[in-house]
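Inspection log for the structure reproduced underneath, given as structure tokens.
Order as written gives the chain letters A, B, C, D and E; numbering starts at 1 within each chain.
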Amino acid sequence: MSPKHSRLVQLAILIAIIGMAPLLVPSNYYLRVMTLIYVFGLAAVGLNLLMGFAGQVSLGHAGFIGIGAYSVALGSVHWGLTGLTSAVLGAVASAAIAAMVGRPILRLKGHYLAVATLGFGFLIALLITNEAGLTGGPDGIAVPRPVVFGWRLRTVEQWYWISGVVLVAGVFIAQNLVASSTGRALRAIHDSEVAAQAIGVDVARQKLKVFVISAVYASLAGSLLAFCNGLVTPESTAGFLKSVELVTMVVLGGLGSVFGSVLGAAVLVLLPQVLTVFHDYEHLMLGLLMVLCIVMLPRGVVPSLARKLARTGT
Amino acid sequence: EQPIKIGAVLSVTGPASFLGEPQKRTIEMLTQQVNAGGGIGGRKIELVVYDDGGDANAARTFASRLIDEDKVVAMVGGSTTGTTMAMLPAFEEAEIPFMSMAGALQVVQPVRKWVFKTPQTDTMACEKIFEDIKARGFSSIAVVFGTDGFGRSMRDQCVSVAPKYNIRIVHEESFGPKDSDMTPQLTNVRGKKDVQAIVVPGIGQTPAILARNYRQLGMTLPLYVSHGVASREFIDLSAGGAEGARLPVPALLVGSSLASSDPQRAPVLAYTQAYEKAANQPVSAFGGFMHDGFQMVVEAIRRSGSSEPARIRDALEATKGFVGVNGIYSMTARDHMGLDLTGFRMVEIKNGNWSPIVAGN
Amino acid sequence: MTADLLQYASSGVTIGAVYALVALGFTLIYNSTHVANFAQGDFAMLGAMTTVFAVAGGLPTFPTAILGTMVAGVAGLLLYRLAIDPARSSPVLGLIVLTIGASIFAKGVAQLVFDKRFHSLPSWFDARPIELFGATIQTQSLVVLAGTIVIVAALATFTTRTLLGKGILAVSQNSLAATLMGMNVGSVVTLAFVVSAAIGGLAGIMAAPITLTSYDAGTILSLKGFAAAMLGGMGNPVGAVAGGIVLGVVEAFGGGLISSGYKDAFAFLIILIVLAARPQGLFGSVARERV
Amino acid sequence: MLDVAGLSSRYGRVEVLHDVSITVSRGHIFALIGANGAGKTTLLRAISGVQPVTAGRITFKERSLNGVKASTRVKMGLSQSPEGRQVFAGLSVEDNLRLGAWTRSKADSDRGVQAAYQMFPILHEKKGLPAGSLSGGQQQMLAISRALMSQPDMLLLDEPSMGLSPLLIDQVFEAVCSLRDRGLTVVLVEQNANLALSIADQACVMETGRIVLTGSGSALQADPRVRELYLGE
Amino acid sequence: MSSMLDVLSISIAFGGVKAVSDVSISVAAGAVFSIIGPNGAGKTTLFNIISGVYIPQDGSIRLNGKDVTGMRSDALAREGLSRTFQNLQVFMQMTAVENVMVGRHMHERSRTISQLFSLPGAVRENRTSRERSRELLEFVGLGSYADRSAAAMPYGALKKLELARALATEPRMILLDEPAAGCNPAETVEVEKLVRKIAGSGVTVVLVEHDMKLVMRISDRIHVLDGGRTICEGTASEVQRNERVIAAYLGDHGRREAANA
């Protein structure tokens, strides 16, 4: 299968799943779970562009989810903006902030970048938590249901379809980016910055570009999350554990596999739901599964399985 | 007979596990008790408990699950204000009664048709503390609050009721829920000459570190902590630092010293005994919240003779003079908490134990 | 005012020393595998919790401290042998996620084996706090500080003076070459994990009288330890200690003088500022790859 | 000394060594030449035990090496200077050398370091600097010296002349000869075929994973096919 | 002939070690200019300075008459300078053809937006890049490797891959650091043909190489460094007769090789 072919197949599978799921699992609960998968899948796809392709770690990406989430909350509560406007403004703000912090911190390498992004995420979360007058503090703030073209969007179903469509768009765009000249430049940077630079790739600019793009993905995911939850809290959007969850989604699904990130998101959203049967052993199982996953599929689900298939296949 | 399904979403793990953990043990123990006694009108209770880990997003998903999949008729829990607020809309929409264990006033004010709660509000705790401060003749205090939901909310309430008691808050400090050292904050307070007492709105074990540091710094200002630390662990962990600290606690914590005429004495002793046997650890106020909430729901089901959510709700709202371990509840259409200040007892920690304060001392 | 400043300093140094010890463990594992081990704080938790429960079970403090250290060391051994080593073909980020999984697993085990409550240990020496120019210094702080100094000195000597210590660096830099030199890469790295975990455990045990411990106390320690190690310059034991102390002191002064709510923010701001000026951390060397 | 029989090896699904057999006699220089990608490096890796083999057996000093760990092979007297130098970039030159003597005593290590400094004085000059800062050729000298640190009975050299200046190539080849004269056995993989064959006692040519020619060094040097394909004449 | 590259008395030191001191060279456009010298003479460092990897502590560099001192290497690439590396810097996780396509990056004009949505312009450009890159792989003799992962290619092939990648930038000048390292004499002849073709197409070639046969046959001028300093410059025959060069660098063997070239 040519790369282009396999991209289209993946996209088609995704569309089919999104289209069929409501028929197979009609309850609001399942729809909500699927919606969460799409929302986090979107953020994970964005983060994968940064981590899996450009090889730049971010341990603070939930910060951008927080910005997206709180911009729709604050936009409608404090500034009387419509939901759509505030989501767009949130994305713009995320892009601007990413461009600003990205310039200095993307010069850092490996674990140094990890700690810098970790710090960035912490700062955002602290800001949201401490500026309680504006943000409602740790208990969070309610997000009014947005009205779009005269429709009040409130049902789980509506948000299901909206997130599904946004995810498909996000995956499509990410796939295109990866296959484009920018995508190649990013992968080249991953392998050797000196060489990439020596053959004319503006390394700093490309890194910044993908950082901004991934921030926009996260921000949009944050806005969607805020809308479908109706409430945002610092921990459930910008917290460090959310950043870790995002990284885990990307890694489990497979660094450098767009489709894998959606799968990774599915795994991490579904696991807590499935693991409830273990009661007190939930954490133990979650940790164990994460470890086993990496041990058995060291490159993440999609790439590792693809490799195994290629090996056993003809 | 079909069992009656009751749901709970609790923060059994994560930063608020000190709330959710005793609540889970309590609700499991009480369910067993009810079922052992033949259930409600011959129907057993089937309990569905989920752990949200303190994450509002997870809580919201489990709420959907309880409603759509498990089809519970009533919901008890929501250990924190954050998780409760996230779940509220779902239960309002599904029209299922929701008995929350969250502290903040905003859960029941404005009154939401389907939502109730058991803990006293932070405002009440502030009032209780300020009453005592005023009685001792102090008027300017420092507030050192936790930056978690509980601490921040109680701090806000204290700030707003302080004028009522002619109390000035002359200095404020805060600490994070994961902080392991509060010496700098206390040092600052120590440096302020006009501070006559310190009030610590904070929950969990972090205030215990504060109490230790307080002691290590050799500070002697009167120290007030909140009902958010009302468990034995606080005293133990503070390693003597909490000696002399005062706080409002529910009757539950001063069980053995309750007068025999006190109506709460019987339920308090019963719960304490059962819990300490079942869980092998001392009772805490948080488990007590669950005790009262769950019992009220069971009562409501019993009284309404139905497992219709709407009937249960109506019965809950009609709760009158329910004697719990946390207070005596009388719900109305305008009050979905139904407690007054009498539920709180002011205690001082003496010789490593809660010791009731005789009024005016 | 001077008393206040001194108080901030003493409190900052104490907490900083705890961060430093966790950072030291980080450094050792990083040096042997280039893995940032986010379960490092959980070694501290395991050490402390084991000791707490053994002490509660009636055992005397010092022998149990050794027991706690050993339990942590065994956890390190298992982590490497059962997880890190089998997954060695995974990219670095995969290994980070793996250690996070291991950390969650450790918490899951701890909450079952021990409990979910907070615990404390008595101070090692039952002496009154020391008064110094109006500031109060806990005796346990001195224990932590002394422990840190001893461990960093030992570790620095080990890595810079002994062939085995250099072997640990060598296997991470080029495990193929290390193998061709006749090193048994597996054993060398196992050793690094065990020592690192034991240091972590000891850190937890020494700090527990000051900071309390509970099944989930590891996460924040891992984070701060990681941050400290990076601030100091990854891979350098002296840097790890410096990073830890700076972090603790910045937190104490920032919290005391400016705003306690933004205490962690100051810590991370300092890290960002330092890294902007010195991308290799305070004591790190510029590892410029030759082309 | 070394006997390789019917050896096969693969990367993933691709087999790159097919039924390779060579015999290296004690105290000889054995030259292995072949085009890019012929499998020379793979063969050396297999002998050192860092490349899995799928068939065949390797015997060293009358002992089978099958299932013997790479680190044990070093203790048995087998040492390799690998392709691409593979120095420990962050460690000092001297530390690199001393790690080469991992299996040896401190006294042996001291002696080895002195010998290395004598052979390549530049290493002495740079002994405290990180090996990664050395120039390509300097790193090559370090890699060769490091391989000698374990005082092997048999030395595997993978393109030792790569990146060395002509003067140094002379020097290295002289050194190899004198090591042989002191009883060391050397397997020499070289692109500098002329030179390699001129000092080799035995030699073979490898093509796409197979041995296609064997003989004495001078015989191969005279072989018209070798002259055309590998000596560029 | 006008001069393509002028290096004016540049110096650089690393913690006291003077890797390059006061070196000046001038390379005529279209020439093949070689730099030789013992190991550690500073050849690679000189390349690193010219290509913007290091910034010289002293001196200046002119490329085609323009002062480019301290310019970053991507900007230099846009000025028409490209290079290969002594320590391979191949993009190991990409296929051979993708490696070369990255070299086309700076010539690709489509906007990010158009790439994100896979608009026709971007698609077309992508196709052209791929075709051009395949041609280049054929040119260096790696046609059969095009879709192979770089990680699975032998050393010698990787050296050529770097060459193809450097050519993909359509340079006016190319710096080759030991292109024949790891090649046997027969393969070196291939490299020589390749370099001749490149030079023949008008690209200025600066070469660092220890294979004296290759250097002597192909170079228009040879510059000899030792210990970071220039010891002489001249044509092949001038250089191989220079006593200092023989003593410091060529030795017996090298002199024979050089003479036979």
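Keep this in mind: a contact is a pair of C-beta atoms (placed from the backbone, for glycine too) under 8 Å apart; a residue touches a chain by one contact, two chains touch by 3 or more.
Which chain is which protein? Per UniProt: A, C = Branched-chain amino acid ABC transporter permease; D, E = ATP-binding cassette domain-containing protein.
Keep in mind that this is a model prediction, so the values were computed, not measured.
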{"item": "Co-neighbours of chain B and chain A - touch as defined", "value": "C"}
{"item": "Most distant chain from chain C, judged by the mean position of its C-alpha atoms", "value": "E"}
{"item": "Greatest separation from chain D - chain, by CA centre", "value": "B"}
{"item": "Interchain centroid distance [CA atoms averaged], chain C/chain D, Å", "value": "42"}
{"item": "Distance from the mean Cα position of chain D to that of chain B, given in whole angstrom", "value": "74"}
{"item": "Distance between the centres, which are taken as Cα means, of chain E and chain A, whole angstrom", "value": "42"}
{"item": "Mean-CA-position distance for chain E and chain C (Å)", "value": "47"}
{"item": "Multi-partner residues of chain D (at least 2 other chains)", "value": "133-134"}
{"item": "Set of chain B residues in contact with two or more other chains", "value": "13, 147"}
{"item": "Residue numbers of chain E (touch at least two other chains)", "value": "44, 53, 85-87, 89"}
{"item": "Chain D residues within the chain E interface of the complex", "value": "11, 14, 33, 35-37, 41, 83-84, 122, 129, 133-138, 140-141, 159, 162-171, 191-195, 228-233"}
{"item": "Chain A contact footprint on chain C (complex, rising order)", "value": "30, 36, 83, 86-98, 100-109, 111-112, 223, 226-227, 230-231, 234, 261-262, 264-265, 268-269, 271-272, 275-276, 279-281, 289, 291"}
{"item": "Residues on chain D engaged by chain C in the complex (per definition of touch)", "value": "48-50, 69-71, 73-75, 79-80, 82, 86-91, 95, 98-100, 102-103, 132-134, 146-147, 150"}
{"item": "Interfacial residue positions of chain C with respect to chain D in the complex", "value": "163, 166-167, 169-170, 173-174, 176-185, 287-290"}
{"item": "Sites on chain E touched by chain A in the complex", "value": "51-53, 72-74, 77-78, 82-83, 85, 89-94, 98-99, 101-106, 108, 110, 112, 115-118, 122, 125-126, 129, 162, 165-166, 168-169"}
